[in-house]
Every structure is written in C-alpha cells, then in structure tokens.
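Note that the chains take the letters A, B, C and D in the order they are written out, and that residue 1 is the start of every chain.
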Amino acid sequence: MSAAGLSPQALAEACARVMWDNDNATRHLGMELVSIAPGEAVIAMDITDAMTNGHGICHGGYMFTLADSAFAFACNSHNQRSVAQHCSVSFIAPAFRGDRLTASAQEVSRRGRSGIYDVRITNQEGEIVAEFRGHSRTIKGTHLPE
Amino acid sequence: MSAAGLSPQALAEACARVMWDNDNATRHLGMELVSIAPGEAVIAMDITDAMTNGHGICHGGYMFTLADSAFAFACNSHNQRSVAQHCSVSFIAPAFRGDRLTASAQEVSRRGRSGIYDVRITNQEGEIVAEFRGHSRTIKGTHLPE
Amino acid sequence: MSAAGLSPQALAEACARVMWDNDNATRHLGMELVSIAPGEAVIAMDITDAMTNGHGICHGGYMFTLADSAFAFACNSHNQRSVAQHCSVSFIAPAFRGDRLTASAQEVSRRGRSGIYDVRITNQEGEIVAEFRGHSRTIKGTHLPE
Amino acid sequence: MSAAGLSPQALAEACARVMWDNDNATRHLGMELVSIAPGEAVIAMDITDAMTNGHGICHGGYMFTLADSAFAFACNSHNQRSVAQHCSVSFIAPAFRGDRLTASAQEVSRRGRSGIYDVRITNQEGEIVAEFRGHSRTIKGTHLPE
C-alpha cells in the first residue's frame, strides 16, 4: 500500500494500522485505538490489578504510558516517522483498579521537524485524571512508501 | 515498627519496605530496589519483549514508569506520604530489548509540602538514556507510626 | 468594592483592575490587557530594543514574561489569590524587534487548589511563536472582599 | 580571534565575550557574568523596583529571564551556536526588591544536537528561590571562526 493519492484521513488510518501491528507494548497493555485522524488519536485502556498498588490506585507510569501512546499515534499520523523528545504530565486525580481511562491527543503546533501535542486523560465518568504535553521530532522514514 | 528513634537511613529503609510490599505495579515489572537513602533511591529493570515494539525499541512509557518509581521511593523516604504532582522526561537515547536500565533519583529541593527530584536513567553501558524531573507534594499520613 | 453579587465576568474584570494597578513589572514593559474573562486573559506587548540582542531577536525571557503575565491574570480571575508553581515554555519561532506579541491564556483544568493554564503567543501575522503551560496554586486571600 | 588552539576554558570565555557584547537584553537588566566554564555559567542580578509588583515581590518572568541567560551562556560555551527549545521553571520561594539573585547553570547532558542544562537560582542568603531546566539545540554557525 502506498501513501500516494490517499486523503489525510485515509493516510492517518493507514499509518495507525502499521504502527499498531508493530507495537507489542500497546497491545500487551490491552489498549484500544478508539479513533484516529490527522494530528489526533484517542486510545482507551482498562486499569488492571497489575497496574495498581495495594490500595487499588493506578501507578502514574501507566497513565503516562497511555498518554504517550495516544501522542505517538497522533504525531505519526502524517506518514512522517516521529519520536518523542520531551514529555510532561500533571496528575490531577487518582485512577483506580477497574477504571477505564481514555486518552485524547490533539496537535497543538507543527513546524519544521518539531511538533507539540496535548493529551487529556479522562475516566469513565468524564473526570480529568491527567493532562500530558508531548514534544515530537520527525526522523527519517515514512510508515507507507510515498 | 515505629519511626521513633530510627536514624534517617533506617527510616528510609523501613519506608521503602512498606512501599515495596504494597506495590504490585513495581514488582510486576520485575523492578529491583538497588539502594535507598534519605532523599535517594536507585531502581533497576530489565527491558522485556512486552515493553518493546516490533523493532525491539522500548516504549517510552516503561522508561517513565521506572523513573517514576525511583522518584516515588526517594520522595517517600522521610516517612511523610508524598505523591507525584507533575513530572517531565527527556528521552536522550533509545533503550532496547535485553537492556538493563538503572534509575537513580536524587532530591533537588524540599520546602514546605513541595519537593523536586531528578532521576537519571542509564543503561548497562553507563550511557544516559533519559533525564526525568519529578515534583512531589506531601499528603496526610506516614508510612510508619511516629 | 465587594465581590458579592458580581457576575463571574464582572468579578474577573474587577480582579484584573486590582492586579493591574499593583503590577509595576507588567506596566513597565508596556503590556496592554486586551481582554479578561473567567479563566481567560489576553495581553499584548511590543518588542523593543531593550528586549532584543544585537541581531534584533527577542530574548526568550521576555516571551516567558508576557505569557506568565497572561497566565497570572487568568488564574486570578476567580477572586482567589493564586501563584505560579511550575511553568514550561516551548519556543517555536523567533520574535523580532518591532513585533507585537499577543499572549492568550485559557484555563485547562482547575481542581482543589491546583490549576493548569495554556498560553499561546502569536505575532502580528498570527504565527505561533511560543506555547506556554502554567501550573497555579491558590493561596490565602482574595482580591476583592467577599 | 580564532577558536583554533584555544583550551576549552579559553574558548568558553571567548564565546561569552562575543555573546555578552551582543546582548542588549542581558546588559539592560544589569546582569553580571560572575563566571564561565565549559558547560557552565553563573550570572547575578539585583531585583529592582521595575521587576516587582506593588508588594515588592519579583515577577516570575525576571527570575526566568535570569535563569534563561545563564542557560544560554552555558550551552553556547563550546563555540557551537545553540538556542533554547523548551524550558521549565519551578518557583520555590519568592524573591523581593533589593535581593541579589544568582543563577548557576550546569550541563546535565549533551548528545548530538541536543543538550540539557539545570539552573539553580539562589538569593544572597543562599536560599533556593527557583529551579530551571533548559533544553537546547545547536544551530548552524560558531561564535568564533574555527
């Protein structure tokens, strides 16, 4: 499959398929790709026992991992391979065993090789549990041949 | 066991034991607590298949999770329960399947209820793979009775 | 003047007047408060010789200062005194002597004593020159008596 | 003057002279370059009326500007022109009119075109008032001909 002639939306979907098939880590955690669009991605994940401490509170690392995955799908949606350079996350409310978290990534800016993406994580009640901001940089290569 | 009469080092070790016994997430990932001291913690982890993508490159989320754990042990070493508020991470070099990563957390400042901790992640060759900075805030409660 | 009975918009305007009258630094730099609303503020500033290096490029510190001021007006618009805890800024494009920069602050989240605000800085052509994210914390006291 | 044959320390000093002569903004704020070395810079500044609000508390923007300047001198000390990409600052204690603040920048890592520098700001009592972390990127050109 080539990128030639694809609409931006079809290209984003094709890039996501290539990335998904290649990402043990994301699948291993039971993530679900809810939607993809140019510069955007939504991924959901259930908080399991293995992600929590003895009080049933989710380790911040798993919230980061979810947000980082949504960021990766969003910044790679233009068929230009991109990697994370710098990310920050603010923990706003705790998440618990059994919660279903949804991370929604949006492109804030893209200029030259640098991009900024914001990711909001909400729980099944729609409450914000974390806000993430990721800085990407394009590297050589494309997901689909051009 | 009570905190009364313990040296700062003995207190840090006792807090770490309480936290470790209670942390499914950290144990589930195969982390090893290498050392603990007041305001400091060193944790190591092997990068497994489940943490990598199809090219054998570690998902940034697992590097964050390792650093975040070292940060948590360091900022909780004074027997005052503390949580992460805001964390940032810079990815400097990739990590690969089979690498053993070591996260070393150091206290940068502690004033009132707020603390700042820097965590450096290195691989088995001593190369820096990531730099993390965590901001903590104390909450009510202690790990050992005072 | 009391806060009692004021609409959120009237309260935001009243808080901004109190802050503005009290802020040498903001006035000294020639900033103009363009608009204010609950959780929002827009401030503009012209880049002068004193803000630039010998090549006419604006020092990043002045871009940060402009964004930080918009953040301060936005997070103080609810009549609860608030201070900056942690801020980050990404420089996207240079600004030059003679440019007129506009910083637009928006509330991202507010929960308990903690708030997050995003500030975008654009130039007179509408190009993004910087993205700023500020974390606030409320302290004791109000701008107007309640 | 050429960079050829200069020691790293002599090169850092020569780069600092070129930058200083060219930096209206830094001089205009009354900054003093206290020391320079490869990957390091110390700059001091007195907090004036124009930098404070009506309560005599320094605007965070001027603390950032001081730290950003120390960061710039440190990351440009290797004769490779470098610019700030992303900076974060944590405000730990207030600074007041009449305080003399000192910003000390240290190189944390440098790899390829990317560098990380930590800057601590202390007051005349040696108390920490802010911690800053800057991410630099090299661009084309040198300060002295090679």
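Please note the rule applied: contacts are C-beta pairs under 8 Å (C-beta built on N, C-alpha and C of every residue); 3 or more make two chains touch, one makes a residue touch a chain.
What you see is a predicted model, and the numbers here were worked out from it, not measured in a lab.
With respect to chain D, maximal separation of chain centres occurs for A (centres as means of Cα atoms). When the interfaces A-C and A-B are ranked by how many C-beta pairs touch across them, A-B comes first.
Put simply, the C-alpha centre of chain A and that of chain D have 35 angstrom between them. Chain A and chain C have CA centres that are 30 Å apart. Per-chain Cα centroids separate chain A from chain B by 24 Å.
For chain C, the set of residues that touch two or more other chains comprises 85-86, 88, 90, 114, 135. Interface residues of chain B facing chain A in the complex, by the touch rule stated above, are 21-26, 28, 49-55, 58-62, 64-66, 68-69, 83-91.
Within the complex, the chain B residues that touch chain C are 85-86, 88, 114, 135.
Of all residues in chain D, only 88, 90, 92-93, 108-109, 111, 114, 116, 118, 128, 131, 133, 135 touch chain B in the complex they form.
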